[in-house]
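Okay, so here's the structure we're looking at.
Per-chain numbering from 1; labels A, B, C and D assigned in written order.
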Amino acid sequence: MPDDVAIVREQISIANRMLANEGILDAFGHVSMRHPNNPKRFFISRHRAPKLVAPSDVLEFTLDAKPVVPTDVRLYGEMVIHSCIYEARPDVNAVCHHHAPTILPYCISGMELKPIYHLGATMGAHVPFWDSRDDFGDTALVVVKPEEGRSLAKALGKNWTVLMRRHGATVAGTDLPQLVFRTIYTCVNAGLQSQAHAHGHVGALTAAEAEKAREYNLRPGPIQRAWDYWMRRLNESEALIAASGGLKPAPAKGASQKSARSRNAKTSARGGRRKRTR
Amino acid sequence: MPDDVAIVREQISIANRMLANEGILDAFGHVSMRHPNNPKRFFISRHRAPKLVAPSDVLEFTLDAKPVVPTDVRLYGEMVIHSCIYEARPDVNAVCHHHAPTILPYCISGMELKPIYHLGATMGAHVPFWDSRDDFGDTALVVVKPEEGRSLAKALGKNWTVLMRRHGATVAGTDLPQLVFRTIYTCVNAGLQSQAHAHGHVGALTAAEAEKAREYNLRPGPIQRAWDYWMRRLNESEALIAASGGLKPAPAKGASQKSARSRNAKTSARGGRRKRTR
Amino acid sequence: MPDDVAIVREQISIANRMLANEGILDAFGHVSMRHPNNPKRFFISRHRAPKLVAPSDVLEFTLDAKPVVPTDVRLYGEMVIHSCIYEARPDVNAVCHHHAPTILPYCISGMELKPIYHLGATMGAHVPFWDSRDDFGDTALVVVKPEEGRSLAKALGKNWTVLMRRHGATVAGTDLPQLVFRTIYTCVNAGLQSQAHAHGHVGALTAAEAEKAREYNLRPGPIQRAWDYWMRRLNESEALIAASGGLKPAPAKGASQKSARSRNAKTSARGGRRKRTR
Amino acid sequence: MPDDVAIVREQISIANRMLANEGILDAFGHVSMRHPNNPKRFFISRHRAPKLVAPSDVLEFTLDAKPVVPTDVRLYGEMVIHSCIYEARPDVNAVCHHHAPTILPYCISGMELKPIYHLGATMGAHVPFWDSRDDFGDTALVVVKPEEGRSLAKALGKNWTVLMRRHGATVAGTDLPQLVFRTIYTCVNAGLQSQAHAHGHVGALTAAEAEKAREYNLRPGPIQRAWDYWMRRLNESEALIAASGGLKPAPAKGASQKSARSRNAKTSARGGRRKRTR
């Protein structure tokens, strides 16, 4: 059991860095997994950019988004995105929230995102659009209160991807490799749909095509092949960084990180010595 | 003779990695070559991402898409794309199937892809559009059955490039360097045509211009110059990876690959311990 | 006090290289900070590309854009962009001027740049458009005279970002990390707004949403998280360069820089032996 | 004198690799310089991709495009682009021909390329459009005959940049750093103009603005600053490659080059053992 948890911590940190390496996540966004042995718990990193997430950053949470072990490290503000989906969807075991540049135009224009080629069919037949104004009026457009998380989970419904007006997308998977696959190819589909729109015409897959293509591409073979590819790319990026000396692929609290922080603390001194919650 | 085969294996693995390095292939797509001494046979990699293909991954197949030496490794699902074109077109000795991001908008919008500048003329005067619905109705949009492969080869006809609705493109060449050249510059042409379309007007090359430009650019000189360029870029990428330690340019079943696989196997444990066909 | 200045020099050089590393600055553009202990002074690099700025390049200036210590090194031509904003805006402690490729289309087309998603709200509710023709008629489109600097500062007014017709943008911050955050996410917003425009519709955030999202994202937590991310990326780029030998991350007047200069001096010999002001 | 020539050879090879490193040149395109001591001669590389050009590849030519020292190495087919411009324009000392992806849409759509921001003004007030059909009817769209070169030089006239229908652009400079600066910022301008066009409106610089901005940016200071920046980027790329072992930055006829060639020669064996002119 402790071994299972170690694997989950490692897998979450890999998925974070993999999606950062593929340009889906930048300073923001996060990936979580449900506890392999306790469906009432899930794991997610403490508050930091996905590219920087190490296994030791990954903490355990209850489904009301509280850390199982009390902590004073800074946590993500939008934990309820994850907890509320795990609560509402027993079939979901992995969740990603992101602001990918191919997806955001849809969140802004309101144009419908739809599967328009075979690999894109993995997003699901329908992608609902969550408008926070419907339930909450004017907000900061983030999902921080339990009722906001529940509203989003309700909008997701039985689907696998939900767009969030003026904010980003949240993606669900039955497991982590499926989640990563769906997240990446939904983004590719989004970019292609925009380009086809510029050609002047974007027809639809037939419903049966979308269903068949989804089934075909979510088989273990294609998912494994793609995972191996993204893992290789991540391994290569991180090996290069490691070889260039000093910077470990996924330092928890290494020297370089500390020095960046201390330099920065000094920087903001003139600007008001603001306190950093950690 | 065994030497010729060794060269073919190496060349196929290089072309896979070269086209991945140039952004044409990602986790999917594949490159094949006809057997240099037996026109009833061809070579293609086992099931893996093009960037990862090593010479030892390349296997020999008959023109009914069966491996010459029985194997239990996982094979590509779309082998018939290659076998059926080799069957139908004795003049073709190399084939690439891909989902390049510059090409897919045409497969989605239905806008005609056409040679609109001198290097793009190498795609051929006409690029047919294959719609799988014509012969097969609703499918997963892939080409896995012999009759699907034959239908695609028929659509290709005497041309050198065929678009596949909602899926990608298949490109043919008289030899591998020509195939790589045509594949890359057809993608460049596609991107430029989309941009010129956004300017509001895309006129055509005259038929004679297209013919003359095709002939000029498919001479050995330009093809060799471009091949040297892409090879240099690939060599540089792979030398850097090799120098960063541990990851060999084209490992067959090396340690890093194995560990990625085993980590991943663990990952999917919670999600249902799905079996990986290899 | 001398220590504070050393930190400022280092911070300015980091911000220059960080924004270059993120594709905001190229050969041109610059970043400055107000003196931490003397509001009538500010620091900015001598005349060189942002990617090349080292702490020792950073010099101290008065608010009439004169170097505190007389120097014969070449200085930026557009110093008054910075001095005039520090003069007009006591709450501003850091300024960036740039020509980012996502922003320039707005400076050319005149399309209004506006916050259209949560992180973009950090640009401020309103982004004024400065047209140098209003006060000065035909110019070289740069800001080199004190009156041009004052005109620009007036156009900025109480806002945080100002577009400059046919030229670029100038961004202000209460401190350096806020400045970097606003600069980068304003550029991301600009790119997304263009893409949403291509979808055919770009609605607006409500005024209250823009205000709440700005407040939320300008808290220390998100700014620190993003700063750590960009710092890591910069550290990795520079460690790699350093490891490849000879080229130090931020050489002041190192060997490689010198040799590039001397080679170049030779180059221009034939073309007229033009004199280089340094 | 022999020293001057050595510098020219080095400078041409640097400019080729610099423009390749900045994405202007790919497998094709070339850069030349007039002989510093003999205006009836110019230097250009033998036939190879710009990224691969070493000083030893650079050969001397007469203004009728013949090598001064007879050679059996393969030469560029489009030498007359350079020779005819040097013949017609005594004020031009450096020429670049390229197919940059930002420029080609204009060569295809026929949309006018014009200076639309301050740095773009360096392209010159007017960019003529050369249509090879006017003088020659249907061709392969390349410039290989002396009369084609003269026609292009005539189209260039007193300007500094000429677009070539369905082919690319040719750029002239009074010296090499100016040429590189103009080439790169004309491409940036082209990309920005396309984006502004997508916004729906692209107004013009006033004639006086274009003139003043051109003068301002073609001073030695800005050109040197940009050259230092691109040189640093090139040095970093090449140092990294060199450090990764075996591949020298600019090998003339090194091992890796030879092996790529021999592998390729073997590749094409099956496809018809075509002869490579070198």
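The definition used in the following text is that contacts are C-beta pairs under 8 Å (C-beta built on N, C-alpha and C of every residue); 3 or more make two chains touch, one makes a residue touch a chain.
This one's a predicted model, so the numbers in the text were calculated from it and none came from an experiment.
Steps from subunit A to subunit D, taking the shortest chain of touch contacts, total 2.
Set against the Cα centre of subunit D, the chain with the most distant centre is A. Rounded to a whole number, the gap between the C-alpha centres of subunit B and subunit D is 31 angstrom.
Here the CA centre of subunit B is 44 Å from the CA centre of subunit C. The residues of subunit A that reach two or more other chains are 198, 240, 243-244, listed in rising order. Of all possible chain pairs, the ones that touch are A-B, A-C, B-D, C-D. Partner subunit D is touched in their complex by these residues of subunit B: 4, 7-8, 10-11, 14, 33-34, 36, 93-94, 116-119, 173-178, 188, 191-193, 195-196, 198-203, 205-206, 208-209, 212-213, 215-217, 220-222, 224-233, 235-236, 239-240, 242-244.
Only residues 26-28, 47-49, 51-52, 74, 77, 99, 101, 104-111, 133, 138-142, 166-167, 194, 197-198, 240-241, 243-247, 256-257, 260-261, 263-264, 266-272, 274-277 of subunit B touch subunit A when the two sit together in their complex.
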